[in-house]
Amino acid sequence: MARRSITQLGENESINEVYVASSKQLRPNRQGNLYLQMQLSDKSGAVNAMMWNANEGIYKRFEDGDYIRIQGTSQFYNGAMQVIVSHIEKVDARDVDESDFMQVSPQRMDDMLKELAEHLRAIRNIHLRNLAECFLIDEALIARFRKSPAAVKNHHAYEGGLLEHVVNLIKVGKAIVPFYPQVDEDLLVMGILFHDMGKVDELSTDKGLAYSDEGQLIGHLVSGVSIVDRLTKEAEKLADEPFPEELALRIKHMVVSHHGKLEYGSPKVPMTAEALALHYIDSLDAHMHGFDKLLADDVNTDSRWTTYSPQFGRKLYKGGGEA
Amino acid sequence: MARRSITQLGENESINEVYVASSKQLRPNRQGNLYLQMQLSDKSGAVNAMMWNANEGIYKRFEDGDYIRIQGTSQFYNGAMQVIVSHIEKVDARDVDESDFMQVSPQRMDDMLKELAEHLRAIRNIHLRNLAECFLIDEALIARFRKSPAAVKNHHAYEGGLLEHVVNLIKVGKAIVPFYPQVDEDLLVMGILFHDMGKVDELSTDKGLAYSDEGQLIGHLVSGVSIVDRLTKEAEKLADEPFPEELALRIKHMVVSHHGKLEYGSPKVPMTAEALALHYIDSLDAHMHGFDKLLADDVNTDSRWTTYSPQFGRKLYKGGGEA
Amino acid sequence: MARRSITQLGENESINEVYVASSKQLRPNRQGNLYLQMQLSDKSGAVNAMMWNANEGIYKRFEDGDYIRIQGTSQFYNGAMQVIVSHIEKVDARDVDESDFMQVSPQRMDDMLKELAEHLRAIRNIHLRNLAECFLIDEALIARFRKSPAAVKNHHAYEGGLLEHVVNLIKVGKAIVPFYPQVDEDLLVMGILFHDMGKVDELSTDKGLAYSDEGQLIGHLVSGVSIVDRLTKEAEKLADEPFPEELALRIKHMVVSHHGKLEYGSPKVPMTAEALALHYIDSLDAHMHGFDKLLADDVNTDSRWTTYSPQFGRKLYKGGGEA
Amino acid sequence: MARRSITQLGENESINEVYVASSKQLRPNRQGNLYLQMQLSDKSGAVNAMMWNANEGIYKRFEDGDYIRIQGTSQFYNGAMQVIVSHIEKVDARDVDESDFMQVSPQRMDDMLKELAEHLRAIRNIHLRNLAECFLIDEALIARFRKSPAAVKNHHAYEGGLLEHVVNLIKVGKAIVPFYPQVDEDLLVMGILFHDMGKVDELSTDKGLAYSDEGQLIGHLVSGVSIVDRLTKEAEKLADEPFPEELALRIKHMVVSHHGKLEYGSPKVPMTAEALALHYIDSLDAHMHGFDKLLADDVNTDSRWTTYSPQFGRKLYKGGGEA
Amino acid sequence: MARRSITQLGENESINEVYVASSKQLRPNRQGNLYLQMQLSDKSGAVNAMMWNANEGIYKRFEDGDYIRIQGTSQFYNGAMQVIVSHIEKVDARDVDESDFMQVSPQRMDDMLKELAEHLRAIRNIHLRNLAECFLIDEALIARFRKSPAAVKNHHAYEGGLLEHVVNLIKVGKAIVPFYPQVDEDLLVMGILFHDMGKVDELSTDKGLAYSDEGQLIGHLVSGVSIVDRLTKEAEKLADEPFPEELALRIKHMVVSHHGKLEYGSPKVPMTAEALALHYIDSLDAHMHGFDKLLADDVNTDSRWTTYSPQFGRKLYKGGGEA
Amino acid sequence: MARRSITQLGENESINEVYVASSKQLRPNRQGNLYLQMQLSDKSGAVNAMMWNANEGIYKRFEDGDYIRIQGTSQFYNGAMQVIVSHIEKVDARDVDESDFMQVSPQRMDDMLKELAEHLRAIRNIHLRNLAECFLIDEALIARFRKSPAAVKNHHAYEGGLLEHVVNLIKVGKAIVPFYPQVDEDLLVMGILFHDMGKVDELSTDKGLAYSDEGQLIGHLVSGVSIVDRLTKEAEKLADEPFPEELALRIKHMVVSHHGKLEYGSPKVPMTAEALALHYIDSLDAHMHGFDKLLADDVNTDSRWTTYSPQFGRKLYKGGGEA
């Protein structure tokens, strides 16, 4: 039988399907009875779910990030769908088709990685191309890079999200470079590649999407510098010559400065043409995708405004359809 | 005899040439003698000049913005050139070749205007194309637009600077639109056209570069909205139908919000996809050209860092030459 | 039978009365049953209401801003009254006495408008008096001005509120002018008249009190300038002579700068004596009325402190009764 | 012979007159020769003065705040007058007519004090009137109050300035009270009286205008509370009954909160109607007088803008003369 | 029978015990039925409690700060314990052993006071030692000082907390003084003693822990200065000589500046060596104890992070156990 | 002949001595003649110097950081000493006794290093002690660490300054640990050791004191993490076992967070007990030494206030001598 995906659920529908659980909580209602609240998701989206009359035993039956089969009923109120769950059981990861739960399919990830590799191998500067090669042959790093989201929420918040963000940003970067001759395209591409690379350490997708201890205590800007340090050492071995200090410095500067301001967590502000360009196109891309996501998640289909967005700190305007 | 332009001046050279005067000041030295200090400029650049033993009479012989013929000597110290003036006389504007004093030549301005017109006439939305046409046929506005700089300093601070900024931004905008399908290209182009249009009222190039009273009391964001209001009324006459309110609203929103934050003088923050895109590419363009200008003006040719930039609030890194 | 106004409702009273509905929401309770929550108001005040076991059909029976007849019971808990609704039906506006629902009576509005006209016709400067006349004969604008509140909440948040705020501010302005001879009374009066005039576009009272799209995307400061622009053109026709640019500039400057700081949404800070005076007395008036409203709405009658006020960002002190 | 006051000085005039010296500095010129720079003032204004070829001996001949007789010549340059001094000698205070050096004459001070006393004796609340009486009979405090300026610069920066500020503010306060019935006029008057009273400890006029150690380490808000504490104890003795705690609290709250925000040095923000009113009218008065002073000091008589004002953080607009 | 303290409560336990009530609220549930919510505490900690089907009568049976005997059942959910109350009755304070409800025992308070007295009597400066003596013999002040917490929450938020904070800070201060010879130990000890002394007026423990009117309107920094003023007058009587102004000024400066920044409520920033030292060690101590308290209150025993802390504005890291 | 140190120079003294030059600048005077301005320093202090009638040739005779022998005369004006130079010649570093130019003598550096080693070898945790050992045996790092100042100005701005700061901070840290049992002393010592270690890369003392390119583009917080990364790898080799990740994370967190706030350049705020303690004692130490230095440099010996300090953003109070 065909899988019933979350965005297909209609009102008052009987459900017997496997989803990924996250954000589970055991809570009492006003009468002091416990109920279980959680989020169910697959690649199509996410929905809140409640199981009345739950207990500690049910609560411990699975962890955030596990696949679970639930039985229950969909319910519509206040403009949003929710699921009332009557039965829960954990499902082994080997028994599911993981592509049902990933927003970016393995095929699409392969395609994007290939596109990324093409961009990297087109770099003209020999030192930077060697460095890029060291990245491309580091299978462990690539594997974590593939799994990494670009953020916990707001934009690209899914497996493959970081890859998608980097590839898109390289294309934007190459599109604007012709208008700014002072920007070195090779350096800009390398800066884009590494600017969020520390997120492979910062964000964990294994148990739902969350910050790792390292992510919270050190942050992805500093972790990213460590990765660049390690890869430049690899590049020196590969090329059997020192990696130019100036280039390493410029790449690391792009990584630490790309948030643009101290109060946004960059210990240094952008001070090179490439770091300035990276900061502005990264902001552009993050906000454009944030807007996209806000529209995609928006249930207020008949309002001219989105719901309030914490990323933007405001509602955004969708407008009417005329003109 | 060929004109001696400012950047050609060598050390200890005798000078007898016409320049534009600005920032003139009559000041006493430590001994209580008055001297005249001013800036001399032509299209190649600007230089400080001093006339010892000046007086009120000499001071009143010309105004900022006038052409003056000076006789004197160039002098080099502390890494910068200055001119010691022995004689000053005002020159009639009809007796000079104005192209010697403009960074953007009339020919190049004509070319850019033509390029702008092509972009505007390629707009698909009929209402927006009509509005653009009303701009293109408004000769008085075009004339002021041509003369307008994009800023008093930092970037595009010369006649034709605003035109250059707008044309470049349209090209950048069109380059990034393919990657952000939620952005309406026509609207973005219109927003770019009008975002700084109020500067035709805000900045005056007649007497050196300065803010007009209107510029200081109202600001170019609000003046820009007035211009859009006026042109939409023209567009309604031209098309003999109402201009869609939603479109007018979205253009005016781009104008008022393009500084991105309240504390930067925008009374509203960007709330549409086009307003967000405009804000980020305008910031990118302004900072890229600001960097360019900083490098062009930089006299510290052997330092790896520029001088301190008030626009950026810091020095920027030029680096060495290797790699 | 005499109308039962909201502030007259006692505990456990049976209610069968017409109110204005706003802020309606359909929400599920813990058991997943839907209930309807809304606000009921008349000129005396507002109260929260709940209808248990509601559904989409009931939810769509009326819109925010409609008159509805409700049947139900009042209930007191946690220091506040609420209404439990058993039956709802929409009522035609023609079947109600609108004066029951307006905080400012039509008679009082007429009186205030008359008082305003007297102030405006006492202006000595001929140009400004002409401009004021153009306002007074613009019936469409006056009609919207009458309906306009001065704010969505905090102070003067009701039909006629803007009129009340303007008339009071003119009186305060005239009272302080004798102590500040550098302030031009005529200009100050005109600035007061127009400072919030853009709210006729920004705020809509038709469907409950809310910001219009124009209000959110452009803001009342910029809309106010457009109104001044339009009226000065009318004044030029009326007087058959140009309206002095300096005066127009000073009025528009007062409008755009009256919030006092960039971060409060003014694109320019006050730079004339009248703009400074307007900013401070407008702040005074808004905070004094905000305090009044806080006291009027306060249900904590036995506490020496008001509830937390979002306008002030703090609780205010009511104190005891002695002395 | 009639005294030659500072604002009467013309260009190239021989001077032999007594002024108050302040801001004296011994500085070297470019050639390493020492010169003395100082400010000379009388009640009409102030002027910079320079004595070439000075030395330590001359420097120590007088202190800031002393009367000195100078011989020299006036000189005009760069829009401003200065005095070149050839001879300096200290003058005994008993040998000058102090009224030549005070902006507020003793007669006018007596008049203002009388006016203040009338306002204070018109207070209706018996406790507050007693407290005011304790102030009026405290001769030592009154003497320091008379001498106290309201600020070191910007507004009311002269002997009698605080008195003038308080009297004007009481008049403004009484003018606006009719429009804000929640404000207790008696309390407001008392708050105005004491809000800057700590300046009698904070500012010293004895040796030119400067902050005392106490002013810098404790500040006039806290010193003001100490004065209120002391006077309420006097009032209790006078009335032989306790001073109501609530009233004392409200007055002290006005004193500590009148700067309006923590970052402006108020340890508490205004939380009563009177404290709010005091904050806004005090801001109004300080800025109106600051504008006045800026205009009075302005030497750019033909500019439409004042010089940059540190108090306002900007230039202010004077405008043209028409309309 | 042994008392059942709050931290001893297990799941589903029957309870019949006396606690202190605070934060009581009467609230409706979704069905419109009223329930009572409150906090129960003893010296071991605090727990939330709910009484279903409550009413105004029960609500008024006791006040915050009263001792109440409750009957009910403990319940565990969502990681936290709560108590469902079936019966409440007020208990007379004379019938309880107050030591069951105090985090700091009377014995320990006596010990700490003795330790404080030893520190104070070891002061070498005769004036400061006299001042300290005046504090030690002021029984009314000592009594309030003993009862005073150091804060409403976050750190030392219990009777005796201020005493504990002061004694600990004196020990820290004495430990660091050897490394900073410019710091006068006697002055630092006096500054520590008085820096939060105003909290005896600001915080009230009589009815649960809350800010007094004086605390909110004047604040403990200003109240502290009043106490120092009063005690220096006592010291002058005791010693029969004037208390040195410089010393009084330095102590009061420490009191008003110890928050370190204007925006944290200090009307002056630290400007002496002792004030700087006090600011930093006070911050250290407050944050170290805040961290301690966060760990002590933490119910997430198996998480590597604490819950979100409003004092810190973030979660803190507890980490794992290894190493 | 005994060396004439800078603080020994009296007025109008003939000088023929060797100093270190820095901040040299070639500038024109008002008459357009060039003069050379520079700073001369030895271990006792620094003084400004001027050479009239200089030229490019003299300017290029030496670099900042070189030893130069100058002949000239001391001069006193405006409260400060300066040197008028008549002759300059560069001196070879081998011909001077470097101890005349170092504020911290080689002997004292050896002593401090020995003291540091003792502290490090007293660490109880085996992993941390190994890591410390790797630092102690890294001769290249130790050599740079010895030369490193702790800041460019304000505090410890001299060779050996970082070492002095670290040793003092360890003593302070150990002094306060007994009062905060939640702080792990071993970790705190390691955090102190490494918190500013990146300054060995950030600051360069070779040519006067200045920021290196790496210092400006990456910053010492991120460079410090790289050093910790490298040393932990060394420690793993030394111990032949993995270095506990948790410990490495905690040390690196201390390094990146020790500035305490994002806006002060820390990409993460302190989230562990040791990081919090480090932040506060580091702030304490930096400000105490900054105060010391301000007093040491202060030439206003008869003023009760220091000169304005950019580090503190204010003047500090020295006070009088009594009490």
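Labels A, B, C, D, E and F are assigned to the chains in the order they are written; within every chain, residues are numbered from 1.
Everything that follows uses one rule, which is that contacts are C-beta pairs under 8 Å (C-beta built on N, C-alpha and C of every residue); 3 or more make two chains touch, one makes a residue touch a chain.
Since this is a predicted model, take the numbers as computed values, not measurements.
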{"item": "Selected pair, out of C-D, A-E or A-B, that shares over half of its residue contact pairs with D-F", "value": "A-E"}
{"item": "Centre-of-Cα separation between chain E and chain D, whole angstrom", "value": "43"}
{"item": "Euclidean distance of C-alpha centroids - chain C vs chain F, Å", "value": "61"}
{"item": "Distance between chain centroids, defined by C-alpha means - chain E, chain F (Å)", "value": "41"}
{"item": "Multi-partner residues of chain C (at least 2 other chains)", "value": "30, 213, 216-217, 250, 253, 271-272, 315, 317, 319"}
{"item": "Inter-chain touch pairs (all)", "value": "A-B, A-C, A-E, A-F, B-C, B-D, B-F, C-D, C-E, D-E, D-F, E-F"}
{"item": "Footprint of chain B on chain D - complex, ascending", "value": "29-31, 35, 50, 52, 75, 77-79, 82, 84, 304-305, 315, 317, 319"}
{"item": "Of chain F, residues touching chain A in the complex", "value": "213-214, 216-219, 221-222, 225-226, 229, 249-250, 252-253, 256-257, 262-268, 271-272"}
{"item": "Parts of chain F lying in touch with chain B, wherever the complex brings them together", "value": "25-28, 30-32, 34, 213, 216-217"}
{"item": "Residue ranges of chain C in contact with chain D within the complex", "value": "125, 127, 168, 171-172, 175-176, 178-180, 182-183, 244, 246-247, 250, 253, 269, 271-273, 276-277, 280-281, 283-284, 287-288, 291-292, 295, 314-317, 319-320, 322-323"}
